[in-house]
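One chain, chain A, links the two complexes that follow: it is found with chain B in the first and with chain C in the second.
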Partner chain A sequence: MKINPQIKSDLKKFLLEKIQKEKEFIHVLSPYKLDNEEKNQIKKKFNNLNWDKAVFQIDDSILAGIIIKKGSKIIDMSLYGKLSNLSHTLYEID
Partner chain B sequence: MENLGIDAKLLVAQIVNFVLFFIIIKKYVVKPFLVFLENEQEKDAEKTRTLDKLKLSEERLVEEESKMKTKMKKEMEEMLAQTKKEAQLLKADLVKQAESDAEEIRKKAKKQMEEEKENLYREIKDKIAKTSMFLVETALKESLDDVTKKRITNYILKKFEGKVNLYEN
Partner chain C sequence: MICLCTENYQIYRIRSMKLIDEYIKTLEKELQLKPKLIAEEIGIVTEVKDGIVLLEGLDAVAYGELLEFKKGVVGYVIDMTEEEVGAIILGDYTEIGTGDKAKALGYTLSVPVSEKLLGRVVNPLGNPLDGGPVINSKITYEVEKIAPGVVRRKQVNVPLQTGIKAIDSLIPIGRGQRELIIGDRGTGKTTIAIDTILNQKTENVICIYCAIGQKNSKVATTVELLKKYKAMDYSIIVSASATDSVAMQYLAPYSACAIGEYFMDKGKDVLVIYDDLTKHAWSYRQMSLILRRPAGREAYPGDVFYLHSRLLERACRLDEKYGGGSITALPIIETLEGDLSAYIPTNVISITDGQIFLETDLFNAGIRPAVNVGLSVSRVGGTAQTKAMKQVAGKLKLDLAQYRDLAAFSQFESELDEETKKFLNRGTKVTQVMKQKKNRPLSLAEQVAIMWAATNGYLDLIVVDQIEKFELRLLDILKLKGKKWLATVNQNKILNKEDEKELEKIIKTLV
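Up next is the complex of A and B:
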C-alpha cells in the first residue's frame, strides 16, 4: 500500500513536534504522591535539569524510588529497576 | 652220354625250356611281384611316417594344451590377485569413508546436543530469573506500604551521589 506523501510528511512533522514538546517536559514517576519536601530534594539533587515544566505522576509498578524521564532519556532510581538489573545480572552469570 | 641214358637233344631242349621259363617267370611274375612288394613297403613306410607325424602333432597339441592351461592358470591367478587387491583397496576406502561419515555424524550430533543443552540452560536460567523477579515483585507489592515506600525512596535519593547521567531508552 502506498502512503500519500502529504500525509506522511504531516505525520512526520506532527511526531517531531510532539517529541520536541516532550523533550521540554520532565516526568517524575513515583509509587506514591511525593510531598513538597521530597520534590525539592529531587530538584536540588538534579539541579542541572530545568524543572520549570515538571510533571509528577504515580506509578505503582515501580515499587519504590523514582524514575525521571526527559524526552527519550531516563534516570531510573526505582526498586523495580534495581530488581530488573539484578535479574539481568543473574541471567548473564554463567 | 647215350650210355648214361642222357639224350643230348632233350637236354638242350630242356635247358632252352628252362631258360625260356626262367625269362618268362622273371619278366611276367617276379618283376610285377617285386614291384607290388616295393609298393606295399612304400605304403607301409608312408603309413608309419604319417603315424609318426600324427603322434608328433598329438604330442605338440598336448604340450600346447598343457602350456595353455598353465598360462590360463597363471593369468587367472594374476587376475584373482589383482581383483583381490582392488577389492581390499575398495574395502579400505569404504571403511575410511564410513569412519569419516560416522565421525562427522558424531561431531554434528555432539554439536547439536551441546546447542540444545545450552539453549535449555539459557531457557531454565531465563525462567528462574523471571520467576524470581515475579516472586520478589509480588512479595514487595504486597508487603510494601506507603511509609516503607517513602523510606526506601528517601534512602535511594539520599544515597544517590555524583553527576546525573541521562541515558536513552
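Up next is the complex of A and C:
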C-alpha cells in the first residue's frame, strides 16, 4: 500500500505538535496519591515552574519521594533514583 | 622496653583518636548539607545500531556532549535532527537496548594527560592497554579543540631529523610541519614513521604513534620494536585497533592530538604519527551512513574534508611567547595501485605541507626507502634544513634532477659524450647512496659525510654494488677515528672548511 506523501507529512506534523504540547506539561510521579497540602508544598518549592499545566501520577516503583518531569528535563528525588545511583557507584568501585 | 612500648601505644592512640574526630567532623558536615536538586537531561534510546544509538528527548543537549547510559557506558553526541539525537558509544554497546535511559553529563569528551603517559599504550579514552596501572591525572584535555590561531603561531624553521638520508636531504621536514606519507600497501610507510621515532632519541622530541584500525598483531610488533631500541621512554602509543568500535577509531587521532597538545603547551616538541587516515575516513564513512547522512563521492559524507583538515590544522609551531612548543604531524595514507587522484588522498595532499610518495616499483627494484623523489615535496623546504645539510644537499638535488632527465633521454641514444656519461654515473651513485636499511637512522653528521663523498665525486670510481660496503666502512671509521668530527658537526650543524678538510682526509684513506 502506498501512503500519500501529503498525508504522511501531515501526520508527522500532527505528531510533532502533539509531542510539543505534551512537553509543556509538568509530570509529577509519586508512590501514593498526594494530598493538596503536599502538592502546594511542591509548588511553593519549585515556584519557577509553570504549574498551570501539571499532571500528578502514581508510580509505586519509585518506592518513596517524587520525580518531577518537564519535557526531557527531570528532577529525581526518589528513593529508587538514589538507590540506582548507589548501585552504580558500587559497580564502578568494583 | 615495656616503657617504650606503652609510649608508642599512647602516641598511636592519640593519633587514631584525632583521625576519628576528623572523620566525624566531615560526616557531620556532609549530613548538614541539604540534598542538591539537579535538573537532569534525560533521553530514551529508540534505536541501537553498530556502535551508534538514536535517542528521543534530550532537548537541551549540546553537540559533542557526553551521555551516560546504564552501567556507566558513555556516549558522545555527534548528530542532532529535529526529532532525535544520534550518539556514538564509547565502550560496550551490546549492553544497551531500546527504552534505556540516557543522562546528559553536561561536559565534552576529554582525555587525562600527564607525564606518566610516556612509555604507555593507551586507548583513545586514555585507558591503558598494556596491563599497566590506570593513568590518574587531574589535568584533562578536550579531544576536539580549535587549532591555535595566526597570532600564536610562528614560522616553521627548526628541522625535525628523520634520520633517513633521502628525506632529510631532499624533502626536509620542520618541527610544526604536516608531511603526508603516502603509498600503496607494503611500500614501507610505517617503517619511515617508526625510523623517525627511533631517531628522536637524542633530539628531545616526544613521539606519539596513533594506530587507527590496524591489526593488534601489528601494533604489538611496533611496541616490541620500540622497546627493543629503547624508544618507548619518550613515546606514547594510542591504539584503536580493527576490533575496536568505529567510534573509537574515529576518536583516536583527535585523542592522540590532544595528548600532543598537552606536551606542546609545556613547551616541548611533539611528533604525532597518524597510521593511517584512510581507515579513519572509512570509520567516519561507516558512522555517517548509519546516521543516514547524505553520501557524496565514494559514499563519503560531505564533511570528510573538514574531518581531516581540523585534525591536521592542530599541528603547529607556537611562538616563544606561548611556550614555543610544536606538534609535527606525519599522517599516513594508503593508496590503491598508486592512485593519487582518489578522494581521500587528494584531500589530505591539499591539507598537508607536502608529501613523501612511496612507490611499489621502486620498492621492488630494491630502492628502499622507496621514495619517489620527483613526486615528493616539502612545502616548507630549505628553511627547515640545517646549514650543513643545505651545503651538501643543494648539489645533490641538482645531480639527481639532471640524472633523471638524462636517464630518460639516453635510453634511445647509443653513443654518449663524456659529459653525459659523467652525469649518468654520478646519478646512479647518488641513487645508491639514498638507499638505507630499515631501523637504522643516521645522525646528521653521518648523513652529511656520506653525501659529501657522493657530491664531491669520491664514489664515481667505485662499482655500484660496492657502495653499500663503502658506506659501512666510512661510518665505522668515522666512529673510530672521527668521533670528534661527528660531535662538532652534530653540535654546530655547519660544515666549515676545516671540517671539510678533515672529512676529505678520512675519506681518502678509504678510496
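One rule holds for everything that comes next: the second predicted complex is superposed on the first by the 84 of 94 C-alpha atoms of A that agree within 3 Å, B and C clash if a C-alpha of one lies under 4 Å from a C-alpha of the other, contacts with A are read in each partner's own complex, and residues count from 1 in each chain.
In the analysis below, a contact is a pair of C-beta atoms (placed from the backbone, for glycine too) under 8 Å apart; a residue touches a chain by one contact, two chains touch by 3 or more.
Here the structure is a predicted model, which means the values were calculated and not measured.
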### Task
Have a look at where A:Tyr91 lands relative to chain B and chain C in the superposition and call it first, second, both or neither.
both
Original post:
When the two structures are overlaid on chain A, which partner does A:Ile58 contact: first (chain B), second (chain C), both, or neither?
Top reply: neither
In the superposed arrangement, does A:Ser30 touch chain B (first), chain C (second), both or neither? first
State whether A:Leu16 touches chain B only (first), chain C only (second), both chains, or neither.
second
Check whether A:Ile75 is in contact with chain B, with chain C, with both or with neither, and answer first, second, both or neither. both
Key: Partner chain(s) touched by A:Asn48 [first = chain B, second = chain C, both, neither]   = first
In this superposition, the partner of chain A with more touched residues, chain B or chain C, is B
Contacts of chain A common to chain B and chain C in the A-superposed view 72-75, 77, 88, 91
Residue positions on chain B within touch of chain A in the complex are 125-126, 128-130, 132-133, 136-137, 140-141, 144, 146, 148-150, 152-154, 156-157, 160, 164-169
Interface with chain A, chain C side, in the complex: residues 35, 37-43, 57-60, 70-72, 82-83
Chain C partner, complex, touching residues on chain A are 16, 23, 71-77, 88, 91-92
Interface with chain B, chain A side, in the complex: residues 30-32, 34, 38, 41-42, 45-46, 48-49, 60, 63-66, 70, 72-75, 77, 79-80, 83-84, 87-88, 90-91
